[in-house]
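Below: a set of structures, written as structure tokens.
Two complexes are shown next, each including chain A; its partner changes from chain B in the first to chain C in the second.
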Partner chain A sequence: MTFDLSLLARYAPQLLKGLELTVVVWLAGCLLAVVLGFALGCALLSRHRVVTFPVRCYVEFFRGTPLLVQLFVAYYGGPSIGITLNAFTVGVFGLGFYGAAYFAEIFRAGFASVSAGQIDAARSFGIPRGSRIRRIILPQMLVLSVPPGITLLIILLKDTAILSIVTLPELTFQVTGMTIETFAFVEPFAALAALYWGLTELVAFLGRRAEYRLGRYLQ
Partner chain B sequence: MRAAMSDLLHILPPSAFVLLLGLITTLAVSLLGNSLGLIVGITVCLMRLSLNRTARVIAAAYISFFRGVPLLVQLLIIYYFLPIIGLDLPPFFAAVIGLGACSAAYQAENLRGGFLIVPRGQAEAARAFGYTAAQTRRYILVPQALRAAAPALINEMILILKASSPVAVVGVSDLTRESQNIVARDLNPIKWYLIAALIYLAINLILARLGIAVERRLNVGHGAATL
Partner chain C sequence: MAERSNGEALLLSVSNVSKWFGDHQVLNSVSLGVRRSEVVCIIGPSGSGKSTLLRCMNFLEEYESGEILIGGKLMGYAAAPSGRRVRDAERNIDALRRGVAMVFQQFNLWPHMSVLDNVAQPLILVHGKAKADACAKARAVLEKVGLGDKIDEYPLRLSGGQQQRVGIARALAVEPAAILFDEPTSSLDPELVGEVLQVMKQLASEGMTMVIVTHEMHFAAEVADRVIFLDRGIKVEEGTPNEVFFNPRNERTRRFLETWAERNSLFAKKRADTVQTPVVQ
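Let's turn to the complex of A and B:
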């Protein structure tokens, strides 16, 4: 078993293109997941069952079913009800809707973890509701949401590999294409594993730094 | 030709039966993968906590790699790699090994918390009573760590069930794969993929309920033991 580096050099442009698409679809999906997840997380805190019940159903459905099956419903099922989406759109929205369900729970837990005493104190100081939310509750709940949020971002990064199954030409797709063209197996998959490993470790490292910076006031 | 085709459609088993077979395969592959993951996970975790530096480094690298690379990529690697080293296993077992290897990394991390909860004095007391290091692990540390980590381990089982759907790509006829097969035949993707999704959802909810029940039982046992 020999390791042919020139093979990787030859396919470097394709691999880089795949890597770029992986990162782009991940970032876009995460942006959607965070924004939608925040809205859903706030909705879960509502006192009205009319609001919480549908959101709860959404969260349970998207957390309880595999991403792959969700993607199949959207990508192969969409056209039969007149929604034809390309692989990239399905990737971004699939990842976004899936991640939003998890982010909703993270943000809800974040809100719930801000101690009631803080809110009472702010109230008794006469701080109006708007600044109470903006200056007391939000900063603390965001700091509390960062560690689980980063774990989720890493999970979503790894889940982008599944998008190759719905024909999005991202990193895994490019590498499987490369093995079919060259019959080489060791080099492409070693490169694939190394790239993902490097990427997730990089995100984890940045995440730890962000956690440290944001949590500094607690020390 | 057309007559032959319609005969074929009659011979083919009804979709519900096919889905049921797929569901059984999904349950089997996740359960076996999860069990393999627990055994390997305990080993990796003990290495991670060992006094031997080499063992610690190997375990840390194992955990970092298997948690850092997508499961789909791991499955593809195992699927293509086993024949190269001369192990020509059916896809089902390749999938079990893949799920197990990946799950082991997560379970090792879950168990680490469990092991750290067991007070140091217990291991020292066991050694003082003449237990060997292996006996201390077997009778004192592992049972308590398993109990402490039970909620996380049950959660991991639910995650594995859901994460197992990419095994469809390496040729295992699981629930996802069988729903694809049915869609290829009757061209109703929304219906069948949604049915598959709802089956996954139902199993997840049942497992979550079971998990809560098990947790409650273990806590009762735990309380009694410390009396």
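Let's turn to the complex of A and C:
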């Protein structure tokens, strides 16, 4: 068996286009996931059940069902109720809504792990609520959210492969097309694995650096 | 109203304060007054409500009945039009809290801030000081507690005794009318207790008004102007250290102190019996 590098060279433009789209849809989806997840995480801390209950339902639904199924419903089921979305939109919102459920839990746990004593100290000095949140809770909560947050970003990066089933021409979609045209499997999938792996290693590396820099006070 | 003596207004007055956690009454009509420059120690068994009482004074805990006055102003409550009292606006509560600083058993420093920032932030966030002024003040109080060389460290890198001294510096920096100490040495190694008590003694000698919940009987006997013994939410005894420690009137106080003294003397005796003094030949 031979490993035909020229095959990869021939398909390099498609692969790079796919890679670019993968990164773009991932970044956009993650941005939505982080922002929405933060809002949902804050809502989960509310004392009012009218706020926490719907958010809890949201989180449980998106964590409890496969991303694949959510994407199918949005892309193929949407038109039957009059909502037609293009593949890119489904990709970004699908990834964003799905990731937000996990980020909500990460942020909620981050908030909860700032000790009550620290808040007591701030209150005892008469530090107003707004400053308490900005200066004492948020900075620590963000640092505590970095390690699980990075893991989630990596998972979401690999989950972009699923977007190929809604015809988004991202990396996996391109590679699948390549195998159909050439009947070659080893080269395309080896390249696919290598590219995902390279990307995730990069994210992990940046994540470790962020973790080290931000969390210096814990060392 | 709490008693007034020497015609001097009370800095801090607690009158008939009661508090419940659910069905459990933790404070039962407790009253006490603190005058300027006075050191009041509150002792008693665990669960007697000592810490809760202290936390009520800074309104970290609400209390159901009675009054706590800080400089003559009611802490935590305002009269509603209906005549019943309601929780005061947070702004008003925070304003009263500014006059009374607190030192905690678990230090409760903010770990993500440097030692200097821990002390300077309340000055910036609450007292409206410019950053440079706040840092200068913070540096000065940190020098005072012997931590001038640790200002750039993070709290978690310090020993417990050092962390608690940062806690005291943080309280001192805001120039409070009084400082409340909630078991300030209870989570320290025995070897680190001394350095914290030393700082507190110095403050007492400089005339700082202090209310101290403590299990350090020697310290209380030496430093306190007044000692209060609390048991199951009731103030059962109050007097000078001499009265409370050496001539308690109440049966419960006597038993508490006897148990404490017995444990101490047993330990001292056992040590004397078993520890061999090296014989120099």
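In this section, the second predicted complex is superposed on the first by the 219 of 219 C-alpha atoms of A that agree within 3 Å, B and C clash if a C-alpha of one lies under 4 Å from a C-alpha of the other, contacts with A are read in each partner's own complex, and residues count from 1 in each chain.
One rule holds for everything that comes next: a residue touches a chain if its C-beta (ideal position, glycine included) is under 8 Å from a C-beta of that chain, and two chains touch if they have at least 3 such contacts.
Being a predicted model, the structure only gives us computed values, none of them experimental.
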- Task: May I ask you to decide whether A:L15 touches chain B, chain C, both, or neither, giving the answer as first, second, both or neither?
- Result: neither
- Does the superposition put A:L192 against chain B (first), chain C (second), both, or neither? first
- Task: State whether chain B or chain C is in contact with more residues of chain A in the superposed arrangement.
- Result: B
- Query: Between chain B (first) and chain C (second), which does A:K158 come into contact with in this model arrangement: first, second, both, or neither?
  - Reply: first
- Task: Considering only touches as defined above, state whether A:G64 meets chain B (first), chain C (second), both or neither.
- Result: first
- Message: Going by the contact rule set out at the top, does A:A33 touch chain B (first), chain C (second), both, or neither?
- Response: neither
- Item | chain C to chain A touching residues, read off their complex | 55, 58, 60, 90-91, 93-98, 100-102, 104, 106, 108-113, 121-122, 125-126, 154-156, 170, 174
- Item | In the complex, chain A residues that touch chain B | 1, 60-61, 64-70, 72-73, 76-77, 80-81, 158-162, 164-165, 172, 176, 179, 185-186, 189, 192-193, 196-197, 200-201, 204
- Counting only contacts in the complex, chain A reaches chain C at residues 115, 117-118, 120-129, 131, 135-136, 139-140, 143, 216-218
- Query: Any idea which chain B residues touch chain A in the complex?
  - Reply: 64-65, 67-74, 76-77, 80-81, 84, 162-166, 168-169, 176, 179-180, 183, 188-190, 193-194, 196-198, 200-201, 204-205
